[in-house]
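By written order: A, B, C and D. Residues from 1 in each chain.
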Amino acid sequence: MELGVFYILAAVIVVSGLLVVTLKNIFHSALMLILCLFGVAGIYILLHADFLAAVQVLLYVGGVTILMIFAIMVTHQLTGKKIKHYNEQPVPAGLIILSLLILLIVSITRTAFEVADKAEPMPTVAVIGRALMTDYVLPFEVVSVVLLVALIGAIVIARRD
Amino acid sequence: MIEYSYIIAFLPLLSYALIVFFFSKSNKMASGVAITAVLTSFVLSTIVLFEVLADHGPHIFEYEWISMPGLELPLSIYIDPLAAVMLMVVTIVSSCVHIYSIGYMHGDPRFPRFFSFLSLFTFSMLGLVISGTFFATFIFWELVGLTSYLLIGFWFEKKVAADAGKKAFITTKIGDLGFLAGLLILYAAAGTLNYEDIYHLIEHHQIPVIILSAAGILLFCGAVGKSAQFPLHVWLPDAMEGPTPVSALIHAATMVAAGVYLTARIMSIIVVSESAAITIAYIGGFTALMAASIGLVQNDIKRVLAYSTVSQLGYMILALGCGGYTAGTFHLMTHAFFKALLFLGAGSVIHAAHTNDIQEMGGLAKKMPITSKTFFIASLSIAGIFPLSGFWSKDEIFLSILEEGHIGLLILAIVVAGMTAFYMFRLCFLTFTGEPRNKEKYEHAHESPNTMTYPLIFLAILAVCAGWVGIPWLHHGYASFVYHHHPHHPHPNYMLMLIGTIVAVGGIYLAYLMYYKRSIDPVAMGARFKGIYTFLFNKWWFDELYMGTVIRFVYWFMEVLYRFDQGVIDWFVNFVGRFGLFNARFWQTFDVYVIDGAVNGAGIVTRWFAGGLRKIQTGAVQNYAFVVFLGVVLFILFRFM
Amino acid sequence: MDFPILTYMIFIPLAGMIVVMLLNKEAHTLIRYTSAFFSFVVFILSCILVANFDGSTAQLQFVERADWIPSLGITYYLGADGISVPMLFLTGMLSFLSIVASFNITNRVKEYFAFFLLLEVGMVGVFCALDFFLFYIFWEVMLVPMYFLIGIWGGPRKEYAAIKFFLYTLFGSVLMLVGIIALYFYTDPHTLSIPELIARNSMYGYTFQLIVFAAFFIGFAIKVPVWPFHTWLPDAHVEAPTAVSVILAGVLLKMGTYGLMRISYPMFPEAGVYYATPVALLGMIAIIYGAFVSMAQKDLKKLVAYSSVSHMGYCMLGLGALTTAGFAGCMFQMFSHGVLTGAMFLLVGVLYDRAHTREIAAFGGIGAKIPLYTGIFILFGMGSLGLPGLSGFVSEFMVFIGAFGSEYIATWIVVVSILGVVLTAGYILRMVQRVFLGPFNTRWEDLTEMNGRELFTVIPLAIFTIFIGVYPKPLVDMITASLDNVVRIVTG
Amino acid sequence: MATLEHYLILSAILFCIGVFGLLSRRNAVGILMSIELMFNSANINFVAFSKFINPDILTGQIFSVFVIAIAAAEAAVGLAIVVLLYRNFDIVNIDKINFMKW
């Protein structure tokens, strides 16, 4: 049952991901991205990462993707226009990526992972929250600063002056 | 008055300045100013003479000129009887010549300039006479040389005249080298150049005799140049290219006598140094003989007189070399008058006949009574005929030689006296008597104007009487006025007087036979003694000798040095330059092809690579990312697989 | 005197140069008069300097001193004594007259006068700098405008002459620089002040003195120029425009002898004694050699140029003598040569402007056509050959007396040198005769007499020639104390 | 039962899709999307490892949180740049932006 769900989710993710990079209409790509991100959120749930799944949906689907759609709207270009949406290197890139993928799969299958036989705490929110405030407080603060800088930077860059 | 005697010299200088700055266009004003100045000088000189007669002096007045540690060069005025006499001689002759020049130079386009030069000369000569130091003497010595140069070359359009001026200047300058060297020796030894101080030191034997001999001979070299003594006599005959009044004033009466004057001034040295005295005496004697011998055969009226001058100057030098201070200076004075007269007379003749060649003259006595008479008087005087002035001074010279005991020189002097009488009367007879040999010139001849004849008459009187001040029986005459140390009155030697007169009369008689009576044919004589005649006629080939040796050497040497300068020194400099340039070129080549080649090579290789590689750098980020992932793939492939 | 007169003398021409550069380059007359004005001010200042100078003492006067680069011991140090005051006066006068004489320049007028004023800065500076650094700077500052003045406004071979002059002089100054640096490091504490270095001359070792003296000597000798370093001179003189020749002969050559008197001798007394004979010998050779070579010249200007070699030989002879009289003779000769040769070059320039040739043989008899010019030329010619009553005689006589009485050099050197007098007479008279006397060459029928401006430039020089020749006492009084001081330092 | 390998392979596929997009898309926004895909694949990896290797301490999940935060920041800045590019050059195609060429 779980495996079946995994395959379904995996299929959704892979297909929508491929569509993201292949669709001509960038707006459609964005829609496919949303679908893909939902699939990933499903994978998180499958992996018992309930907090992350929530964050994924809230932040990615609700935040980043919307932001991208806004950007597409602002630049209002290319939607539905018959122009080349690939550069001159999709074929070599495809080949490279294919070989990379093969190499990765080969190395994954060859590697023997030491899988632990333990159960993770459920729900994870409290544990993550505590960890962020104790062991990972410094990275946490750094990330907050990074976000702030990115925010201000984005405003400064995009600002019309 | 005597303390202001510099005024005598400065009046002509003032006149020079006035003429140059204000009257350079006006003939009347120029000659007027010049003559006024020189006559005033003459009057003042007379006053000075009387003051010196009252007090022999010497009267010395010193003026500071240069004064620094190790170098004291004052200027001073030194008036003793000799200077006083010379002042008289110079101002008298100069006055006569000035007046004479009005007539002689009449119509010359540079008339004012001529008078300005005459004034300048008079200034220099008077300055020379009153100088109280060898240094000041040297200054005026050079200045008279300059004016002589200017006046000889007065008609500088004539190349001969310009050449003669240059020759005179340079030849006398060679003598002046000796003068200068003598000054230096004297200064180094004595620390002063004042006559009085040096005389004093010599008297007290504070200067070594050897130095005195050297200094004496070197100073005498100056006199050799200026007084045209052998071997520097060659300039004086050439100097006759100048206007005749100039010849009379400068090259007969005054400037050339400056050498004699200087020799008299170094009498104290000569007396001390036997060798110097002998040298001087023999040079004088030889010059007298040589010049007289040349004078025998010359045809140019002025050149005959020029050689006569050289010869007479030799006489004076001879006398001084024999210690005859009084005799030498006495002859200097008398000679000045009669030789000036001769020259002015010759000038008058030339003015009338428009030629210098006595062979073209003849019979001019009828046309020019005053000139011919005065000329005869002067000739008698120079020949030494009693009782004219030449007789007395020549007699003094014989006496002084005899007293010194140089019998050889005495005989020489007497022979020269005979030669003098001969050539002077040869001149007189050829010029004034006989048939005119050039009718055309004879027809044009006429007596000169009064401005020219009056000076002749005045000088003729002096030529007769000037010698009377030195008559040996006169005890308060010249000898007790102009003397060295103490008056010297030699006993009159009647024997010598007789010999002198006989020789003179003999010379005149010979000339009379040859050129008046024509009983001896001069041409035949010349042909008979052809060798000697040619030798004398060509002036002993001195000019040719100098031309062939000294001058040629100088010209050769200057070319050699110039070639050396260009070919060696400058060549070396240029060689260094060229070597530098060559080096530069070489290293430039090296630089371009090797060093820069390497650099450029590196550049070329790089560019060549880059030309290929730059294509990789597209600027498109995705291409770069592509490479990154290619790298990742390859990395994994080779590292792990 | 509190008024910093030397600084003003140096920098007024500089100000003049700036003003000239700001003027419209087409306004030729304005440029000419402006530069003449500035150089005239300097001339007036030099007169004031002479008037206020106290010749009774060897002390440096009008001293100005200020720190400049204290860490290297470099100061802005100016002063004048009896050696420099006559030279400053000469510089002031000749610069002014040369600028007036350059009024006929029509090519690139603005640059010409700007360079000329810069040249004056360098010249005045050299004569009053008392710090080696400053001295060297002015020494080199002079070189550059000179190079351009010859190289741009010169004759047919101007580039060659300019480069030869520049490189030759530079070679000399590099040697001098080596000497300066050696001195700087030899003394402790390091200093570049010339009077200071002179005061310490007892500290220098014998060998050190000999070597450094030689270095300085070559540097100065090239400038003088002493035989055999003289060949730049005829080329430079002949190719340079008239006024530049005047400055070159009148002032620049004097810097060599000035340097020897101011620096070499007092600083290296023992070396000075050691080198007395070689210096005098070089002087002798220059006198004779220069005279002979002059005689061989066919170009009027070249003749005058070579006569400079001969005349500067007298200076060297006087210096070699190491007596006050010899030094004074040298000083007189410097002054007199500056005046005489300066005037000679002006006169040659006047003739060249009219005839467009300087070939001696091309003239002949022009004395009849232009008597005034001839008279003035003969006056200076006579001065040059040492006629009494003109300045050349006084200097030659003093040199001879000083050298003859010297215990440091042999008598025969002086005796041979005296021959130079008659050789000088030879070439001057030969030239005068071939140019002015003799039959008139009808080619010069249209030759005109000197104009007012030309007379204006030579008359002052004529006056000075005669004045110094007749009454040398003022100049003697001015220089004696200082020269005596130098001689006493050298001979102990 | 889905094993760790399943998740890893899924993540690898997703990552490769993202890389492909990154390398070949012209549109800048598309490239940003591809980058998001790659982030997600990395997150899948983290979470999977966390689940299978060290389930008790949740380090992988915490890293994922950080990655998401960084991804948000990246998206913000990246989009701002895109907007700016568009405004200044009127293009959003990244292959035209080749000013980095020498």
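Quick note on the criterion: contacts are C-beta pairs under 8 Å (C-beta built on N, C-alpha and C of every residue); 3 or more make two chains touch, one makes a residue touch a chain.
For clarity, every value in this text was computed on a predicted model and none was experimentally measured.
Novice: Given the two chain pairs B-C and A-D, which is bridged by the higher number of C-beta pairs in contact?
Specialist: A-D
Novice: Look at all chain centres (mean of CA atoms) and spot the one farthest from the centre of subunit C.
Specialist: Of all chains, A has its centre farthest from that of subunit C.
Novice: Please work out the Cα centroid separation of subunit C and subunit D, and write it as a whole number of Å.
Specialist: 87
Novice: Taking each chain's centre as its mean C-alpha position, how far apart are subunit A and subunit C in Å?
Specialist: Distance between chain centres, rounded to whole Å: 93 Å.
Novice: How many angstrom lie between the centres of subunit B and subunit C, each centre taken as the mean Cα position?
Specialist: That gives a centre separation of 33 Å.
Novice: List the centre-to-centre spacing of subunit A and subunit D in whole Å, with centres computed as mean CA coordinates.
Specialist: From the centre of subunit A to the centre of subunit D is 6 Å.
Novice: By the touch rule stated above, which residues of subunit A touch at least two different other chains?
Specialist: Within subunit A, residues 87, 89, 93, 96-97, 100 contact more than one other chain.
Novice: Quick check: what residues of subunit C touch more than one other chain, meaning two or more?
Specialist: If we look for residues of subunit C contacting two or more partner chains, we find none.
Novice: Counting only residues that touch at least 2 other chains, which ones in subunit D make the list?
Specialist: 19, 23-24, 94-95
Novice: Let me make sure I understand the interfaces: which chain pairs count as touching?
Specialist: A-B, A-D, B-C, B-D
Novice: Which bits of subunit C are touching subunit B when the two form their complex?
Specialist: 164, 167-168, 228, 230-232, 289, 292-293, 295-297, 323-325, 328, 365, 367-368, 382, 387-389, 393-394, 397-398, 400-402, 404-405, 414-415, 418-419, 421-423, 425-426, 429-430, 433, 436-440, 471-473, 476, 480, 483-484
Novice: Which residues, counting only subunit D, touch subunit A once they are in their complex?
Specialist: Residue positions touching the partner: 1-10, 12-21, 23-27, 29-30, 32-34, 36-37, 40, 43-44, 47-48, 50-58, 61-62, 64-66, 68-77, 79-84, 86-87, 92, 94-95.
Novice: Using the touch rule from the top, collect the residues of subunit D that touch subunit B in their complex.
Specialist: Against subunit B, the touching part of subunit D is residues 19, 22-24, 31, 94-95, 97-102.
Novice: In their shared complex, at which residues does subunit A touch subunit D?
Specialist: 2-3, 6, 10, 13-14, 17-18, 20-21, 26, 29-30, 33, 36-37, 40, 43-44, 46-49, 51-52, 55-56, 59-60, 63-64, 67-68, 70-72, 74-75, 77-78, 84-90, 93-94, 96-98, 100-101, 104-105, 108-109, 113-116, 118-121, 124, 127-128, 131-132, 136, 139, 143, 146-147, 149-151, 153-155, 157-158, 160
Novice: Given the complex with subunit D, which residues does subunit B contribute to the contact?
Specialist: Against subunit D, subunit B makes touches at 614, 617-622, 625-626, 629.
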